[in-house]
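There are structures below to look over.
Shared between the two complexes below is chain A, which has chain B as its partner in the first and chain C in the second.
Coming up: the complex of A and B.
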């Protein structure tokens, strides 16, 4: 046995010995509570407090509100907030407008998520292979994402109103009533707008993933006779699957929280309520109409729906 | 259950308990102590430049004579709407003593939140309000008969018309026929068919609860000779007058005399439309436009001297977080005195909610005859009813209006009746 091998063996034995020791002795109650490295708790405490204050407390408060008859009062005003069980949920689920708003979001997601994934992946792939103007093109795609929603919405309203440039190009093919006041077209128009607005961010995610795909894989596939489409389908798509999962999750989560775009583009949920979303109604109930308990119930149902959809989407996108 | 799920569940449960413990309590100001206390106070006024100038002048005038009761004024913090900002401030307990431009529609909610001081609790409270405002004060009283808002100013909604567009359409610009529904529709058709303007009128078709104050409500007030949306706990609009108004507007939308798309900007100021429903606050934004003003139409053509409309008032609320309410009350009376109301009229063109307005300021109205029309109209206005769940009631009405009138998808009669039933339920709730 060489010197080196003996040393490795000794270190290995030592590791086994040291890890076996605590198992053998009884851990004190304090140690069990704080762990073997209490300083770690100290270091993570500020962030834990931050998360508890900013994230967990509001969530808990929201859930609590959804089971009580509650409204906001001035400090010192003592009003009863009786437990009402599932009453607020019954109110939400029996309201046809709220049920419709969930369907509107489903319609939005069905259009937005596939479009987002497909277009951002294709554009990222194209950008990845572009040699000239790469920086300019990346910035061009990214600008709508960082630009103010209100400004972008105004531009789209001018483009898509009945006398806008889109209808002028389409001429007699333009829908009547126009895009944003048509019950059939309002939500698809919003979905397309949001897809365009957020594309830059998702392109960056895919671009980062594509730059980690070894060139040798594509070269090997090409040597085996694969054409560009076959390389894309059999090499690129599987290689960026984790990024695809992330893009799908983020698109679902941001889509489910849709508020600004329908509010601004269609004048508060128009036409005739065809573009209302759960978050819009949550705002209406909680902020405008003073029913935060009902708004909380909408929020809880939305969270449950998003969790369910994202769970299913992960199962689908991560499937081999 | 897996460990992360257990931790998450336990944490949420813990947070819920903490949240539950944290509700319904907090620092409590002694209302009795505050009511008689004097000292410095804070106020908020609107961010309209003219009103800011007025507010600063009032504060300066008061502070010069009250060294121990200094007033600090500032514009209301920016937000989606002043009602939302005030609602949040009430919950946080950081409202100032007085907020000018408190919307009457929000007063029932603020009252329910415990955010407003009962002005009738001051020895001369109700007496001062009723003496200044006259009979119109009664519609600002709450269900208990007390005043939780000081009626301050109104912006009676009338129909502005663009004389240049009227001339281009071949219509007499000094006296366009707009008094009856038939006249209004005929004039509107002429405007659109002549190409003088894209639309005759363009009230916002958006779905926000307050949009009905500028299309339905002024005409309903006129048609019904001053009915509020809700009277004696029951909605009034599902009647022949309400249906006449709704049919009139539906005709306008059906014939594309008005646009049903949200418009970015001011369609009247931009020349997109020939007629606009607005109060005198809008005059400044119309710049150099050559405009005239007419009373809102009715089916039979009511004499303008007898025509009602929507008041679009903004009032003053005293908020319960105020520690020096005696000073706040004195300042409120000072800022709504004859002198300060005159200054408000001079600087903003908005009508102080006081009886005998034209007689009180004859010099102003002699020098500004355009405003005389609004001052005369201010004597015949209705405001939003002071009822429970007011915002929700208006949203219910707006939703019905959108589907039956703007988009013509539901029958008017059934739609108004359904909305009336729903609103009756809402106003009956606490």
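Coming up: the complex of A and C.
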């Protein structure tokens, strides 16, 4: 807004305003209505229309569906979709499978978020302190991130199945039943896979944050006799706090969106439903079983849960 | 946010000032981070390496020695095999059309909106910018079912490229990258052109777009990953195999078709290699242009 007034004060006649409307009172009225550069409306119109059609309307529609009895019909057939209040939400909340799926995401987050934050911060700090091979190391960390999850999931399946290379190395220490078919290990395995997959991106985020930390801070701390760990704790960690908040936020969003990994790694929510996620059930309910209204209710609840968790995590990570 | 030159792979002398305590640091302390980092790199690269080795092996060997590509056990048959089950050329073409269209749309809408948001003042600019930021936080899980109902059931766009592309055609990250870029361009450049009588479209075409080229590469790289690696949405809306992008075709083969193959794992890994290697190669070539700060501009607000 300050840009707006500065511009208006500094220069009298912009070409757009003067050509789009005659001079004098009418121009200023038009200016008041559309702003100094009405052409901006034209340039952003395609984007705005897309936003409305692909994001805002579907969100509204989804929330609407969650309060109505909605089902698929043949195109053009008009059937009533009565308002049912919180019925769909009651259905969702009373379904033990759906409740379990939310717990699975919680389990995922409890493993994934701390691992992600700690390992990516440590690796970024180490990367920031070495002089050689930085490019090579950076690239090797983001190879998993840029490779398609569908591709990497298949490798993990073969590495972690009962006769896979991981169990060959572990020998008698390997869990039985094996990782991805064990009720206890399925979700932690998925959480570790996703940590590995996403870590490169978070390392880059922390690396960018670390490079904005003034070197003098560390030097001053070192002068005062702080050892490496003390420097890390008192200088680095507070300095990268905004990045930490962002990493936690993004990791939570990733976790809430979890679908591809459990779907492929554990054959769609196995073993015995131990790795179902809300998005997986949303897919089952909404698209396979034709209950888009119930699925929308799952979606709304999931979003509310994510907002609540991110709010709490922000409070925790931003605390001084 | 200006990138520190030290992120590039060739550290310059000036960018690495020696801290006062460094000469007295014991050797192990200097080697330790490197050891830690190399160990990490092995952990990160191994599955990727193992995928390629597995794709080239005639017979799968799950033991430790299976991680070594013995010349006697190497073959390209797995690629022929997977090509027989899922038409690789066709799937790659689908991935290419999907990804190409998404990147083009993203750049086009992104440049227009980013330019307008950065340099023009018009009614609703603040609101639009707020929406751009908000979209970063809109979770796909809330959109998935309504979009499916609308696009597939409502408009009959199931099994079409259009249906695949539409939800990805705008990308707030690209808008923010371009907006950020245009904000760094001195305003006088645009103002001078305006005083000379150039219209906004002329300015956009002759000044803004040529200037923004480096940002186009960054934005294209960042948006390329999404559709190329995307599984869920194309999986939902394509039932016809001839329209499925490679990621969906491989996932479906892994889930169902693999049982009948003599070396199914080799075939799956061959397909995975075809899917993963182009993106990785692209990012290695253009690694300097890929910065996490760009990809996350939006979330930071």
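Assume the second predicted complex is superposed on the first by the 269 of 320 C-alpha atoms of A that agree within 3 Å, B and C clash if a C-alpha of one lies under 4 Å from a C-alpha of the other, contacts with A are read in each partner's own complex, and residues count from 1 in each chain.
By definition in this document, a contact is a pair of C-beta atoms (placed from the backbone, for glycine too) under 8 Å apart; a residue touches a chain by one contact, two chains touch by 3 or more.
These numbers come from a predicted model, not from an experiment.
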Which superposed partner A:223 touches (first chain B, second chain C, both, neither): second
Partner chain(s) touched by A:59 [first = chain B, second = chain C, both, neither]: both
Chain B or chain C, by number of chain A residues touched: C
Partner chain(s) touched by A:165 [first = chain B, second = chain C, both, neither]: second
Touched partner set for A:289, first chain B, second chain C, both or neither: first
First (chain B), second (chain C), both or neither touched by A:131: second
Partner chain in contact with A:178 - chain B first, chain C second, else both or neither: first
Chain B versus chain C as contact partner of A:72, first or second or both or neither: both
Which of chain B and chain C A:154 touches, first, second, both or neither: both
Contacts of A:267 with chain B and chain C, given as first, second, both or neither: both
Touching both chain C and chain B, counted on chain A across the two superposed complexes: 56-57, 59, 61, 65, 72, 75, 154, 157-158, 163, 267-268, 287
Residues of chain C touching chain A in the complex: 1, 3-4, 6-11, 16-17, 19-21, 29, 33-34, 36-38, 40-41, 43-45, 47-48, 50-51, 54, 60, 62-64, 66-67, 109-110, 112-113, 115-117, 120-126, 128, 131, 135, 137-150, 153-154, 156, 166-167, 169-170, 175, 191, 194-195, 197-201, 204, 225, 228-229, 231-232, 236, 247-248, 250-251, 254-255, 265, 268-269, 271-273, 275-276, 279-280, 282-284, 287, 290-293, 295-296, 299-300
Partner chain C, residues of chain A touching it in the complex: 1, 3-4, 7-8, 11, 14-16, 19, 33-41, 43-44, 46-48, 50-51, 54-59, 61-62, 65, 72, 75, 122-123, 126-127, 129-144, 146-152, 154-159, 163-165, 168-169, 196, 199-205, 207-208, 211-212, 215, 218-219, 222-223, 228, 242, 246, 249-250, 253, 256-257, 259-260, 263-264, 267-268, 278-279, 282-283, 286-287, 292, 295-296, 299-300, 302-303, 306
Residues of chain B that touch chain A when the two form their complex: 11-20, 22-29, 80, 83-84, 87, 90-93, 95, 109, 112-115, 198, 204-209, 259-262, 264, 320-321, 389, 391-392, 395, 399, 402-403, 406-407, 409
Of chain A, residues touching chain B in the complex: 52, 56-57, 59-61, 63-65, 70-81, 97, 154, 157-158, 161-163, 177-178, 180-181, 183, 265-273, 284, 287-291
